[in-house]
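What follows is a pair of complexes built around chain A, which joins chain B in one and chain C in the other.
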Partner chain A sequence: MIISWQKEVTRRLLIFVEMALIGILAAKTELFAAYPDGTVLLQRVDQNSVAKTQVVEIKMIIHGRRSDRTLKSRSFIEGQERAFSEYTSPPREQGTKMLKLGDQLWTFDPRTDRTIQISGHLLRQSVMGSDLSYEDMMEDERLSDNYSATVAGSDTVEGRECWILELRGKHTDLAYPKSKIWVDKERYVALKGERFAKSGKLLKSMTAKRIDRLDGRWVATWILYKDELKTGGGTEFIIESAKYDIDIPEQVFSKASLRR
Partner chain B sequence: MMLKLALRNLWGAGLRTVLNVAVLSFAFVAIIWLQGLYEGMNQQASQALLREAYGGGQYWHPLYDPYDPLSIIDSQGLLPVKIDSFVHRKQATAILLIQGTLYPQGRVQTVVISGIDPDQRVLDMPVDVLKIDDSDIPALLGTRMAKTCGLSTGDAVILRWRDRNGTFDARQIRIVEIMHTNVQMIDNGRVWIPLHKLQEMTLRPNEATLVVLDRSTTRTASADWTFHNTDELLQDIHELVKVKQIGGMVLYVILLFLAMLAIFDTQVLSIFRRRKEIGTLMALGMTRWQVVRLFTLEGALHGIFAALLAAIYGIPLLVIYARHGMQLTDAVDSMGISLGTQLYPVYSTGMILATVVIVLTTVTVVSYLPSRRIAKLKPTDALRGKRA
Partner chain C sequence: MIRFLLKGLLRDRSRSFFPILIVSAGVALTVILYSYFNGVEIDAIRNYAVFATGHVKAMSRAYAEQAELIPNDLALLGVDSLMQDLETNYPQVRWTGRIRFGGLLDIPDENNETRIQGPVTGLAVDLFSVDTPEIDFLGLHRSLVQGKLPQSPGEVLIAEEYAGQLGLSAGSRVTLVSATMNGSLALENFLIAGTVRFGMAAMDRSAMIADIGDIRLALDMEDAAGEILGFFSDEIYKDEDAMAIAAEFNQAAPTDDEFAPVMYALSEQSDLRGMLQQTDSVIGMINGVFIAVMAMVLWNAGLMGTIRRYGEIGVRLAMGENKGSVYRSLILEALMIGFVGSLLGTAIGLGFAYLLQSKGIDAAGMMKSSNVMMSNVLRARITAGSFFVGFLPGLLAILLGTGLSGLSVYKRQTSQLFKELEV
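Showing the complex of A and B:
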């Protein structure tokens, strides 16, 4: 009598465990089915932000500890390798030029009439006192080349539904081994980004304040960058005009163009 | 005979001699005191540098150049076997230098993170405070660096660096002590943390940038790492003091010029006023050059008396000064010499003798120059009081 009672309890327990496992599995499958593939998402983001060539006019507002500064520049960018920028205002910075060829960077200062190659520790200096270093500016923009992505959840940024993507470096030589971006579910543009140190400390953040459709692609045209370790209001990048995939004369990306 | 005559003449000149001797003695004391200050500066700075930074010489990584901040980025490597054996025997200490950024009160401060063994005994630095086992990285700062960053003992601050792959890392460090040091190079822009910790943080196990030998160990040849002896390392400070010394020479020249002017005037006046005496001496059988020698001797005796007078009041004064030193202001720190708050002058026998010889020679020459005029005097004209 006692034995048959024990058998019944064991049978019922087994059924319960089996059902619980089926439930968990089902829930998990549904969860994964609801989240898109992180790699695909990242590639969509890259498609939006990376172009064969770009000619952009940018306004940079640097919020310092005491005062704000506004700079304007025009940049010619070809892929990841070549870029040329010229500052057009204020008068103090007017004529300052920068040329990036591969992993090398030169600047030309009209006041001293000298071209300087930025290397070593100078690459870690901030660009015109902004929250971005020369290194940050020289980084490869194509995230999918450097990071593997997993979707960590969804969130709302500035009223837009976003996927939260956790990025892990594919290579050991990346400046930021971990990143997190909030990707607009419809437009596939990053509305928010965070870059972390190896220890997990938040180093830099990015928030897109405005998204526009330019030449058929969604682009963040007003971005606030912030060095999270220092005080200050960060640096705003405002794209005033942008043209994509147009022909840029070859001589623009030569050292001679710095003095022109 | 001539010496007796010269002494009598000087005695006869009375107050004029006293004034000349007093002015000249002041020049003596002032010149020796100033030279003592520069020598003290040189020795004090050299000793501080040897004690706290250079030890008995340094081995540098082949790419390390202390004058080129860019070189710090690539100048880390494993120690050659011979140099490593010194470190293991505690006859040397390895230092790893890494570029970093400190964020005191949210400001950006570029620093050189310096890893040093907390158990080392080669350099006179209070690095044993870094032995603290804490979740934060223990850090030691110099007073200047602490002042620049507005940090004090117990404060926590974020430090950011890159590992050997170029990956950013940032952690909180805790200031365990603020050290007082006269040596700016181990203070300005430096954050000292335990060597093993920095090696671990930057993925550079057993690597270093330079190795400091203790002062009793003799170097051995190393193929890659270059050895820099203390003479070489101290060359800059010697040259800096030499430059300051040259600047100080302007003061010696002015002092000496004033004293010589007094002697010269005295001689010219003596020759003018004592024409009849000169004529009498010549009439009594002295040759012109004997009279020139007499007047030159009188002038030179001013120097000898001045040296004696300077010894009487100068020696006690300079000794007291050498014992108690001179209080320095903060402004001296900006000169780039590691002196601290007190400067103790050092007077060497060679320096004192050289000063005495230079001053006496100058006095003799200055006394001789106006006396040459006597050689042109005719005894008859001199007796009549006529000029040559």
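Showing the complex of A and C:
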């Protein structure tokens, strides 16, 4: 009698656990079914930000620990491999040029009439005192080339619905092996980003302050970058004008153009 | 009495020779070690003062917190007026602004492109003012190996060994790649006027000495300096005075501004206080161990002496000399031996210390990767203290040894004396 009572209790318990498990699985499947594929999302983001060629005029406001500085530059970019930038103000930086060809970077300083290759630990130095490093500048803009993505949830940034994408580096030589971006669900623009060291320590963060429609694509035209290891107030990166997919003369991307 | 004892000591050499030998050896060792540690300490203080800390140093509060990182973005501003204030308020100190900087030295090829690069540790000092004390402070004239001292803006000195590694010599052109005060990339061309060797691995590895005016221009640091160093006019560091100046200065400086200046005495910087205390402890320990070991050796020697002089002491007691008088005569003898031994030991010790002072011990191998501001050749330094440091321990050791062994005098029983003497 006692044994059959115990059997009945065990049977009912098992049914309860089984039902609970089925419920959890169902909820989880539904949840995942509602999330888009991370890789597809990342490719949509890349489509928005990467162009065949770009000519952009940028204003950089650096909020240092002591004071603020404003720099202006004009950049010519072709795909992921070639870029040429010239600083147009302030007077001390005017005429400073940078050339990126593949994984090599040179800078030209008109005061010294010297062209110096930026390599080794210099790549980790800040660009003009900003919160961006040369390494950041050298990074491949096409995220899907370097990272695999999974959707970790959704969130609201600056009133816009976003997918949270967790990015894991595909290669070991990336400056940031882990990253997290908040992608606008409608415009596929990253509105917020966090970049981490291998240890999980937050190194850099970015917040898009303004999104504009330029040449048929949504572009973050005002971004606040913050080096989380520095004490300043971050660097505002403002795109003052941008032209996409226009012809750039070949000689722009030559070392000779640095001295021109 | 003294004459009588002296005669005894001279005529009975076994009473004096061995104890004098021990005391002399111990005193000589103490003098040598004291002078050696003294030399190392004085050398370290001098080098730290000259190349890094000054006798006092003013920095911005924010800079001071990360001084090892050389954060020139947090450097002092308005340095000219601050230096004027310092000169007015502390005329006993000579003030000089400095900028330490790091970066790369880029050496161009025939196309003016990078041929080779090497990391550089720079020190910008006032090289061109008429009354600049820096050339003497840094000993640039005696450190010069080739070329000449910088005569005009744009000329620099670099370490001889570093120049050799990069294939540079006087007359070579180099470009300094560094960061401006604002963090921008800074490039500046320099002409190497000459090469120097300071005899310190920390400086000779990759040092560059430039004029502060040139570096201000290169690093966009107008009227700025990372550090303002102060040196007492007689160039002798006085810790109490330095601490008093720093305390007075800091009391008057605002505390709520992270860029306000703050001053530190030499002993408050770079763990120097710990190092100085450690050296003092080592010297104290050597003296302590010396006294203890010598006392034990001399106690033993005294015991043996008392046994050897068993008969003599017995006769003296039997003839009516009281025990206190015998004991006092032994102590007086010890004092005379101690005096002679200490004198001899000090002379021998000073001789060896002088040798160590003039020749030194070459420790370049040990210093190769050291960042400590210590010379590669470690030298002893004979100071007034060297003449006295072994004397008192020498006297104390033999007094202690004889005092303990001499106590056996009091154990002799007068009633037993004749029986003992018959034996």
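We take it that the second predicted complex is superposed on the first by the 243 of 260 C-alpha atoms of A that agree within 3 Å, B and C clash if a C-alpha of one lies under 4 Å from a C-alpha of the other, contacts with A are read in each partner's own complex, and residues count from 1 in each chain.
By our rule, contacts are C-beta pairs under 8 Å (C-beta built on N, C-alpha and C of every residue); 3 or more make two chains touch, one makes a residue touch a chain.
This is a predicted model, so every value here is computed, not measured.
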> Are chain B and chain C a fit on chain A, or do they clash, once the structures share the same frame?
Replying inline: clash
>> Just to be sure I read the superposition right, which of the two partners does A:Thr115 touch: chain B = first, chain C = second, or both, or neither?
In response: second
>> Which partner chains sit in contact with A:Lys52 here, chain B, chain C, both or neither? Use first/second/both/neither.
In response: neither
>> Looking at A:Arg260 after the superposition, I want to know if it touches chain B, chain C, both of them or none. Which is it: first, second, both, neither?
In response: neither
> So, does A:Arg213 touch the first partner chain B, the second partner chain C, both, or neither?
Replying inline: neither
> Which residues form the common part of the chain A surface touched by chain B and by chain C?
Replying inline: 65, 122, 126
> If you look only at chain C, which of its residues touch chain A in the complex?
Replying inline: 62, 73-74, 104, 106, 108, 112-114, 175, 177, 179-180, 182-185, 187-189, 220, 259
> Along chain A, where are the residues that touch chain C in the complex?
Replying inline: 62, 64-66, 69, 92-93, 96, 107, 109, 111-118, 122, 125-130
> Which residues, counting only chain A, touch chain B once they are in their complex?
Replying inline: 65, 119-122, 124, 126, 169, 172-177, 197-199, 201, 203, 227, 229-232
>> Taking the touch rule as given, give the residues of chain B at its contact with chain A in the complex, in rising order.
In response: 69-70, 72-73, 99, 101, 103, 105-108, 110, 158, 160, 162-163, 165-171
